[in-house]
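Just below sit the structures, each encoded as structure tokens.
What follows is subunit A paired twice: with subunit B in the first complex and subunit C in the second.
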Partner chain A sequence: MSKTIFTLKERPHVPLETEVLSPDVIASLKHAEVEALPVFLGKRQYRLADFFAIEGDGSEELEIHGDVGRVKWIGRAMTRGRITIHGDAGMHLGAHMKGGTIEVQGNASDWIGAEMKGGLIRVAGSAGGQVGAAYRGSTSGMSGGTILVGGSAGLELGMRMRRGTIVVQGVVRDFAGLQMKGGTIVLLSGAEVRTGAWMVRGTIVSFTPLRLLPTFSYACTCNPIFLRLYARHLQTLGVSFPSAPEAGFYRRYTGDGAVPGKGEILIWHPQQ
Partner chain B sequence: MLRITGGKVYDPANGINGEIREICICDGRIVPEVEGGRTIDATGMVIFPGGVDVHTHVAGAALNFARAMIPEDHRRNQPFVRTQVRRGGIGGATPTTYVTGYLYAGLGYTTVNEAAVPVLSARHTHEELRDTPIVDKACCVLMANNEILLDLLEAGEKEKAQHVAAWNIWSAKAYGVKAVNPGGITAWKWGKDAKSLNDPIPGYKTITPRQIIKGLADIVDSLGLPHPLHLHCNNLGAPGNCTTTLETMKLLEGNRAHLAHLQYHAYGGDDWFTMRSEAARIAEEFNANPNLTTDAGAVLFGNTVTITADGPWQHLLYKLTGHKWGNLDVENETGCGVVPYTYKEKNLVNAVQWAVGLELLLLIKDPWRIFLTTDHPNGAAFWRYPEIIHLLMNADFRREQLKRLAPKALKRIYLPELNREYTLYEIAIITSAGPARALGLPHKGHLGVGADADVAIYNESKDIPHMFAYPRYVIKAGEVVIEEGEIRKTVEGKGILVQPSYDQKVESYIRPLFQQYYTMSFDNYPVEMERIEHPDLRPCKQPRA
Partner chain C sequence: MGGKVSCTLGEVKNRADLIIYWGGNPAECHPRHFTKYTLTQKGRYIPNGRKDRTMVLVDIRETPSAKAADIFLQVRPAKDFEVITVLRALIKGHAVDPELAAETGLSMEQLQDLADRMKKARFGVLFFGMGLSMTRGKHMNSAALLTLAAELNAYTKFVAMPMRGHGNVTGGDVIMRWTTGYPFGVSLSRGYPRFNPGEFSTIDLLIRGDCDAALILGADPGATMPQPAIDHLARIPTIVLDPKVTHTSRLARVHFTTAATGISAPGTVYRMDEIPLPLRPALKSPYPTDEEIVHRIYQAVAAKPPLPPAVMLSQATM
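Coming up: the complex of A and B.
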């Protein structure tokens, strides 16, 4: 399959907005048409070719080279295809996306996968805040799809998420699962404080002990079957849980009682 | 100078029903004839007087609060990009000030009445109205929960209350008096509501909603205000509230009154599961009371945001929906609640509400007494009026839409049995001539000689929603502001207000109360006349003896 390769010429001094970097926009275009696509640097409009050296005609597979940490909205609302970023990615990566895959080999900034409906985002490094979150004012964040983060993640991870899965290998900052309404967050190295604040439904799984809010109450110790299915599914995406299911139990806490909510936080408890 | 030839004129105030007539305009008014100037050939088009919205919420603190609460709505809607003649902004459920003017004019509306202004935020409201171009603006000042006034009414000091009310109207630079859930918002400050007309309201010893309504209606009539008491009845939105509404109508015998958004006050049933339409009973009683006018407050399905001074109701709506909720306390005067809301076809309650709005418009026989509104933005945004006009003019389309409702709802409503279809003449009444008359604006809502030259010209078409959503020309005060669907010119509208007479000495009564109870100093409170852009001071009638 053919590829379209983009190489950033120079890191822009203010953020560059490139929602045109999406397989849906680019797939059917000829090389010259791709070059002419509009992008915004601040309030001024430019051509995509002013910032990127572009190889090949449009295709469903985009490869982006260079430091695009200041390039926003890559893969916005994409429904198919694949974007690979060989470097850091900017804000709003894959926001509103419905399908396809985005792979980032470096770190990603804030708001990745915000309000996404489907598809897969995989970040090898760390992600910023508001991963898979709802934009300010919206009632729900991501409603489907999967976000995998290899490093750590910032504030308000999965804020108001309704469905979908987020897995983070590193430590997550405050307010993970804030006002969560559904879906699953898996924290392989735990999180800082106020995890699950205001959560109404949904599941947060942590493999290290968490400092829970006082409005979460202990329910039971269990070993839910669905987590084994999840583990098997995530294995196909290259993520494995640190412990085998036979090696312990989960302590189940429900909350957030302040709302009041029916969410659950499952904390792994290895068998002594 | 402008001459419009060849169009079919619908001018109900002058009894003209689709006759081909020539309209001549000079110096912003309709004149018998002109010589020279531009001629618009309106052959194949229909000519309406510019639309008049009797009840809408387009400016002020509450609306701004709502704007700030729904950024998601702004993102959903198409932005208005700045051009040579037009400023930037955004549409949606609560359009920005400039865009509000463009959108109203874009429908052929040229006069609007902002229906709820506390004196305390009147200055802000007038500043926003000043930034709402093209349309002429009037506003009604909130009075039925003003504690200074309630104290006087409770003490039986009717005359002093009348002076205070008149002082309030002039301080707010308002045009009329609005009463929202009389006593209920005062009660809300005690965590309660005023559900019955006959129970004393919390915080007071004897005064009841009945006395407040009657007292204010008397005051408005005595002051000879051109627009009668603009009343949002108690128990808005609650199942079974039709009894309160019927009682209120009886209570108002002998007074003039305008019942706002009647749709929200015409429900039967005991709770949300048994709620049903009582539009037939309400319409029957309304038909028998020629002293009353009303507006539909119709609902359309989709996203919007509800904004009302009715704080307790908004709290209930928040509890029902779990959506965002905002609440404001406006010191001694009123309150305000904001809850974004989505009306859904498959929701039984919403389906009944949708039907009741249309039923009232179809069952109330005299189109001169019921007007087209959605209580913007509560039932739907005003720019969706053409959808309602379509539903009113086409019974087959209505029946088609009924299929989208929750099947259970069909047993709770009258709409499937109603075959009435509005004519263009009647549409001109409910969108322009009627509301202008109810507002007491003799120079609006008609095309007779001497009237303001506010004219909407539509392409005559079977595609009703398209026809009314995209007027071919809109003329405001003699200037062509919309042409071929484009804004050509953005003129500034007038501020319509009244100056009722009152005893100047009343200020010495209010001043000490202010120093005691208000956060604002007395001298900063009244809005200065300089704040009103292009004021149009309307006369009051001879006060009733």
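Coming up: the complex of A and C.
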């Protein structure tokens, strides 16, 4: 299958907004048309070719080289295809996306997969804040799809998320699952404080003990079947849970009592 | 969540019987607050003044304001969000883990007592300062307190009001709100307002180095912002408009001395309860006003020949 390869010529000195870097926009275009696509540096409009060296005609597979840490809105609202970023990615990566795959080999910035509806985002390094979150003033965050983060993640992970899955290998900062109303967050190395604050529904699974808010109450000790199914599903995406389901059980806490909510936090407890 | 329940300070004076100061030190920072509006004044429905009011101070240490308080609650640093979340659960009668709640530095009795007082008050006010909004949790701490005030309205009248610091910051928020729809953190680069604090708010922009020029109007970020933000202000062309030479002026490329608003220039200032107050100057100043300078900068920029459309520009160089 043909590829379109973009190489950043020079890191822009202020953020560059390139919502056109999406398979939906680029797939049907010829090389010259791709070069002429509009991008915004501050308030000024430029051509995509002013910042990227472009190889090949438009296709469903985009490969981006160079440090695009200051390039925002890549893959905005994409529905199909694949974007591979060889380097760091900027803010709002894959925001509002509905399908397709985004792969980042470096770190990603804030708001990745914000309000996404479907598809897969895989970040090899760390992610910034507000992963899969709702934009300010919006009632719900991601409502489908999967976000996999290899490193750590920032504040307000999955804020107001409604459905979908977020898996983070590293430690997550404060307010993971803030005001969550559905979906699943899997924390393989735990989180700092205020995890699940004001959550109404949804599931947060942690394989490391968490410091919970006083408004969460202990419900029971269990080993839910659905987590085995989840583990099997995530294995197909290359993520494995650190312990076999037989090696222990989960302590289940419900909350947040302040809202009041029916969310659950499952904390892994290895069998002695 | 969303919305803000507020009132004017006149209503506080005439009606409030429960005054809660959270993360602020009004005795030293807003010295006339107690005597003009919140504590000692007699009001229409507060005939006995101070005797009819209960004052609660919530802070991480005992400040001089604690002397004025009937109840002083000392919370552990960076535990405000937990305390407010517990209060939100208690006013609804939901279970709270007493052991975890004790980590906030307050006992369950103290928390329950505060929750009961809040529900029983006829008119309660929460004033919050930077001890709440600038500690761990930041905007979520403020959001928690505003939500608590909103939820208390299921039982009684309750409002929340930030204790604003520098001159007329409230005015800045109010004007941004009615011109763009958002109070701060607004980007107009695409021709329409976009609101995203964290992305477009000043400190974040400066720390990431996402802007290549700065115009500072009546503020001194060089004295208050984190060092990486100050470093970036020194790197880029910074223009300062201020009646006096500030820390920021020293690292700026250009400093304009302006007339001091309210002393030698007229204007409108917004009080912390968002009441606009006209100011009449008492003195004359040889310096121009902020408005005049901004207007002249704008005229000079408008008089410049427009840049050719960027798309054509790049084609010409190809």
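By our rule, the second predicted complex is superposed on the first by the 272 of 272 C-alpha atoms of A that agree within 3 Å, B and C clash if a C-alpha of one lies under 4 Å from a C-alpha of the other, contacts with A are read in each partner's own complex, and residues count from 1 in each chain.
Methods note: contacts are C-beta pairs under 8 Å (C-beta built on N, C-alpha and C of every residue); 3 or more make two chains touch, one makes a residue touch a chain.
Small disclaimer: the values here were computed from a predicted structure and weren't measured.
Shared-chain residue A:H13: touches subunit C; no touch with subunit B.
Contact with subunit B, but none with subunit C, is seen for A:S138 once the two complexes are overlaid on the shared chain. More residues of subunit A are in touch with C than with the other of subunit B and subunit C. In the superposed model, A:F249 makes contact with neither subunit B nor subunit C. For the contact definition in use here, the residues of subunit A common to its subunit B contact set and its subunit C contact set are 135-137. Chain contact summary for the complex, subunit A toward subunit B: residues 135-139.
Residues of subunit C that touch subunit A in their complex: 1-2, 81-82, 85-86, 88-89, 92, 94-98, 100-101, 103-104, 136-137, 140, 188-191, 195-199, 210-212, 307, 309-311, 314-315. Against subunit C, in their complex, subunit A makes its touches with residues 13-15, 17, 36, 38, 40-47, 49-50, 70, 91, 110-111, 129-130, 135-137, 174-175, 178-179, 193-194, 197-198, 212-217, 256-260. The part of subunit B that touches subunit A in the complex is made up of residues 69-73, 75, 323-324.
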